[in-house]
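Both complexes shown next keep chain A, but they swap its partner, so chain B is in the first and chain C is in the second.
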Partner chain A sequence: MTAVIEAINLSRWYGHVLGISEVNLEVQAGVTALLGPNGAGKSTLMKIVTGQLKPNIGEVRIFGEKVWNNRHIFRRLGFCPEVDAFYEELSGFEFLSGLLSLYGFSQAECQKRAERALEAVELTEVKNRKIKSYSRGMRQRVKIAQALAHDPEILILDEPLSGLDPLSKRRIIKLIKELKGQGKTILVSSHVLPEVEALTSEIILIHQGKILARGDIYFIRELIDTHPHMIRIKSPQFRELARILAGEDYILDISFRPSEQAVIFETHHRDHFFSRLNELILELSLIIEEITSPDDNLQAVFDYLVGK
Partner chain B sequence: MATIREKGYHHWEGRLKEKPRAFWPIIRTGIKLAFERRRFKLLFAFSFVPAVVYGVGVYVSERLEDFKFMAQGAEKTLQVNPNFFKSYLTLDIIYFMILLLMSLGGAGLMADDFKHKAVQLYFSRPLTKLDYLFGKAGVVMFFVGVLTLVPGILLLILKLLFSGSFNFFLNYPWLLLSIIFYSAFLMLFFAIFVLFCSSLSNNRNYAIAIMWSIYIFSDILGAILKGIFRSPYSSLLSIKANLGQVGAAFFLLKPPYDYPWYLSLLTLSLFSILAYVAINRKVRGVEVIR
Partner chain C sequence: MQKETGRIFSFYFFLRKKSPRTKVFYLLSWASVVLALIIRAYRLAGNWTETSQVVFQNILMTFFLQFLIIILALFYGSSIVSEELEGKTWPYLSSRPVSQAAIIVGKYLAYLSLTSIMLVSAVVISYLILNLDQDFHLADLGTVVRYSAVLFLGLAAYLSFFTFLGTWLKKPILVGLAFGFGWESIIQYFPGSTQKLSIAHYLKSILPQYTTASGKLGFLFIRLEPTKPLIAILMLLLIVIVFLALAALIFSYKEYLFED
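Right after this comes the complex of A and B.
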């Protein structure tokens, strides 16, 4: 199958700062997540894909056509930037209609499409309110609405779930899944693994401007599983908990934090660990105040992948 | 073209216009946003006062006998000739009104885009940088045109109507072109000037301050240097003086300052070119690095 988005040997730097380096990429229809910590080069890559930045080396092709200086391709592409990009004095409806008019739709068509897009993101009720009065979730949804209002085949969504409350996140995840069901190609960036898990299983790992790995979510999970997990449990019975779990063969290391009334376990098998922990809580009526994973983040995986 | 796995959405059946005028929606939105401010509406209405006064002047000039009691000693001022039109289009108050209107409706044209990071929304659409700049410039040109070109032509029409003959037009057949070309010159100059100031900051208030500072400071500097060196060429530093000088040339009149008018044209052109280069660089420089 021909790739919908194809990046060939892309490099872009800002003075002495490297944005992305030798990125080769093929994105097919469906949802693909670009996963990487802040500063990894996700936004740079997205800006190159959306034709807003010129790569120093290499090129991007969409449906086989070059992107740079090819404004016609933008009819088939919708971009939702990470940062808020609004005219605060306009209402959501006016904002969308105004942007739609840049595509050459008639006024009536602009209004119809704006209505439809606002409906898709469940903002019909507040469409005539000024954007400056919108909540964080509403603003995010308006940004997505402006990206899909002209019915593009490709959607580039830069951190669409960032800073949202759980309800808004759920709404947007649902919407992205619906758009996927409509056959669109969606490239979405994030630095939060659980968010991405909810969206897609197709993942591209980017770190320090380079594509580290590509595969489905199970691949990442495997990497995480081969990389020891640290689980910190805060409990008044932390010593007892440590004594019981010390005998389990999947526990690699135990360290105590008496001042915090906490114990940190290191394990290769997270699932086994949590399953046993659940049993213990029920059997011994353990009081657990807090469970955190000090390294349960992408950075730990990236550090592991780059051999830090 | 890639195969779409599953296609549930429907493409728009209509025909998209290929956009030779992609800047129109930007102009429309800019004008609309300006009129959404109540202060702007008031100011806009007030900015026509000079035109109304000149209109009355045209009427009185044709009825000097009737207004003898009022117009005594002012016959020369009330004479409608090319100088009358030039004086309207080079009035300090007109430039002042233009800047005042642009403070409310023009200073934010690019500053607000930078502030709200909206430039990326424009450029992820089928729009070139030239479309974007032309769209923004169009907003300024519209308002400057409404204050210069429209009243200029209306005053000429009034003159013909009140005099009841075409003699005036036949005496000065080039006057209409002078009005059009000088107004167009003002529209172009102020468009670049306002956009330049607007592009220098993400804050529209700073852009307003920059706009007024450049305009007023250039005049003060010109006057100070003139006082020191006693040279008329010092006025080349003043935007207002240069506009007046070029205006006189457009109306085939003696320039107010004692140096060739084309030097003023050259100065304003040079300023405009540098300002355009700066605007162009600024738009290109809007890249979010993460």
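Right after this comes the complex of A and C.
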């Protein structure tokens, strides 16, 4: 299959700071996720792919055409930047129809497309409100709407789920899947594995400006599962919980945080751990106030892959 | 290119006419109207005996020509690029099918239109407040049209220069202030052809009924050695074209970054 997006030997520096280094990449139709911790080079790569930045070495081609200084490519490409920035004085509708007018559509066509895009992200009801009055979720959705309003074949979405509440995340995930169903090529970046899991199985791991691995979600999961997970549970019965779970063979370490009424488990088998935890909650009527992961599993995988 | 410029013009004219900055500059422009009202009241009390034309020329020279058009041009022209970078809205613009040159020219025209409306409305109303009495003739309106045309040309030239500075420098305001209120003022007191290295020189060369030391504020005016009006107009047009072309050229090849 011909690659829709092709990055050839891309390198980019910011002064002495490395953005990305020797990146070679081919992206086909469907959803591809660029996964990496903050500062990994995801945004740099996306900015180069969308012609915002010029690579120091290498080039990007979209449908075989160069991207840098090629404005015509933007008829086929929609970009949702990571930054939460807008022309705040405009309403969602004015923002979209204004940007659409830059494609040369008639006023009626701009309005029709703006309405359609706002409907797709479920913002029709607030379309005439100023963007500055929008919630974080609405702002994220209007940003996505501007990327898809001109109906491009390619969508580049930089951290589209960042900072969203669960309901908004679900809406965006559903929308991205619908767009995939329409045959579009979608490149999404994220630093959160569960978000990426919900979107696609095609993942590119990027760290310190380099592509570390590429594969499906099972491959990534395998990498993660070879590493211990830290799980912090806050409960008034945290000592009892620790006593019961201490006997399980997948628990590697337990540490207490009495001042926080919490206990931290280290396990190399998350699924078994949570399955047993669920049973205990039901059997002993445990009160669980909070479950968090103090370490970043994804970071652990990257550290492992780069040999730290 | 023309169509793309037109699209950028429409978008930014619509966008900026709603902005808080535009409202502030409308208020600033209309300070001249308040000033005209105060002077009119003062004159009615018999305290200022010079003719209305001379009084208006004082306001024109000190407020409009040496202050307002420079301020308007500086803050709109130098922000053409920086507002997108500082506001982090640049990706919305740079991912559209419009050329870099069209962005510069389209935004320049949009801001020239906005600032011209502010300027000309303030000039006309101030003029009428000061001159509308039993001696006023419709033919006098010709004078205000000429004054407005000169100020418009000045605004266009300064805006073009500051647009160029905005594309070239990361922080153009300080350099712009030094140019607008330093260089432009000081150099005009120099004799000979040195004063021709300023935009203000050509503007003052084409002002109607210009006298070098008229009115109470005459001492603030320059010792003008005027250029011929036609040449002055051509020079101003040349300044507009050259600096706008340079701005478009720099903008097409320079890479702009903002902090994430």
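Annotations for the structure displayed:
Note that in this section the second predicted complex is superposed on the first by the 240 of 308 C-alpha atoms of A that agree within 3 Å, B and C clash if a C-alpha of one lies under 4 Å from a C-alpha of the other, contacts with A are read in each partner's own complex, and residues count from 1 in each chain.
Operating definition for what follows: a contact is a pair of C-beta atoms (placed from the backbone, for glycine too) under 8 Å apart; a residue touches a chain by one contact, two chains touch by 3 or more.
Predicted model only: the values in this text are computed from it and were never measured.
Following the overlay on chain A, a clash is recorded for the pair chain B and chain C. Once the two complexes are overlaid on the shared chain, A:S190 sits clear of chain B and of chain C alike.
Contact with neither chain B nor chain C is seen for A:S168 once the two complexes are overlaid on the shared chain. In the superposition on chain A, contact of A:S235 is made with neither chain B nor chain C. When the two structures are aligned on the shared chain, A:A29 is found in touch with chain B, with no touch to chain C. Using the contact criterion defined above for the overlaid structures, shared-chain residue A:S91 touches neither chain B nor chain C, since it reaches no partner. Among chain B and chain C, the chain that touches a larger number of residues in chain A is B. When the two complexes are overlaid on their common chain A, residue A:V4 makes contact with chain B while staying clear of chain C.
Once the two complexes are overlaid on chain A, the chain A residues touched by chain B in the first and by chain C in the second are 14, 43, 47, 50-53, 71-72, 74-75, 77-79, 81-83, 85-87, 89-90, 98-99, 101-104, 146. Contacts from chain A toward chain C in the complex involve residues 14, 43, 47, 50-54, 69, 71-75, 77-79, 81-83, 85-87, 89-90, 94, 98-99, 101-104, 146. Those residues of chain C whose C-beta lies close enough to touch chain A in the complex are 3-4, 7-8, 10-11, 14-15, 18-20, 87-92, 94-99, 252, 255, 257, 260. Residues of chain B that touch chain A in their complex: 1-12, 14, 16-19, 22, 24-26, 28-29, 33, 36, 112, 116-118, 120-128, 287-290. Contacts from chain A toward chain B in the complex involve residues 1-4, 14, 17, 19, 28-30, 38-39, 41-44, 47, 50-53, 63-64, 71-72, 74-75, 77-79, 81-90, 98-99, 101-106, 109, 113, 146, 151, 153, 181-185.
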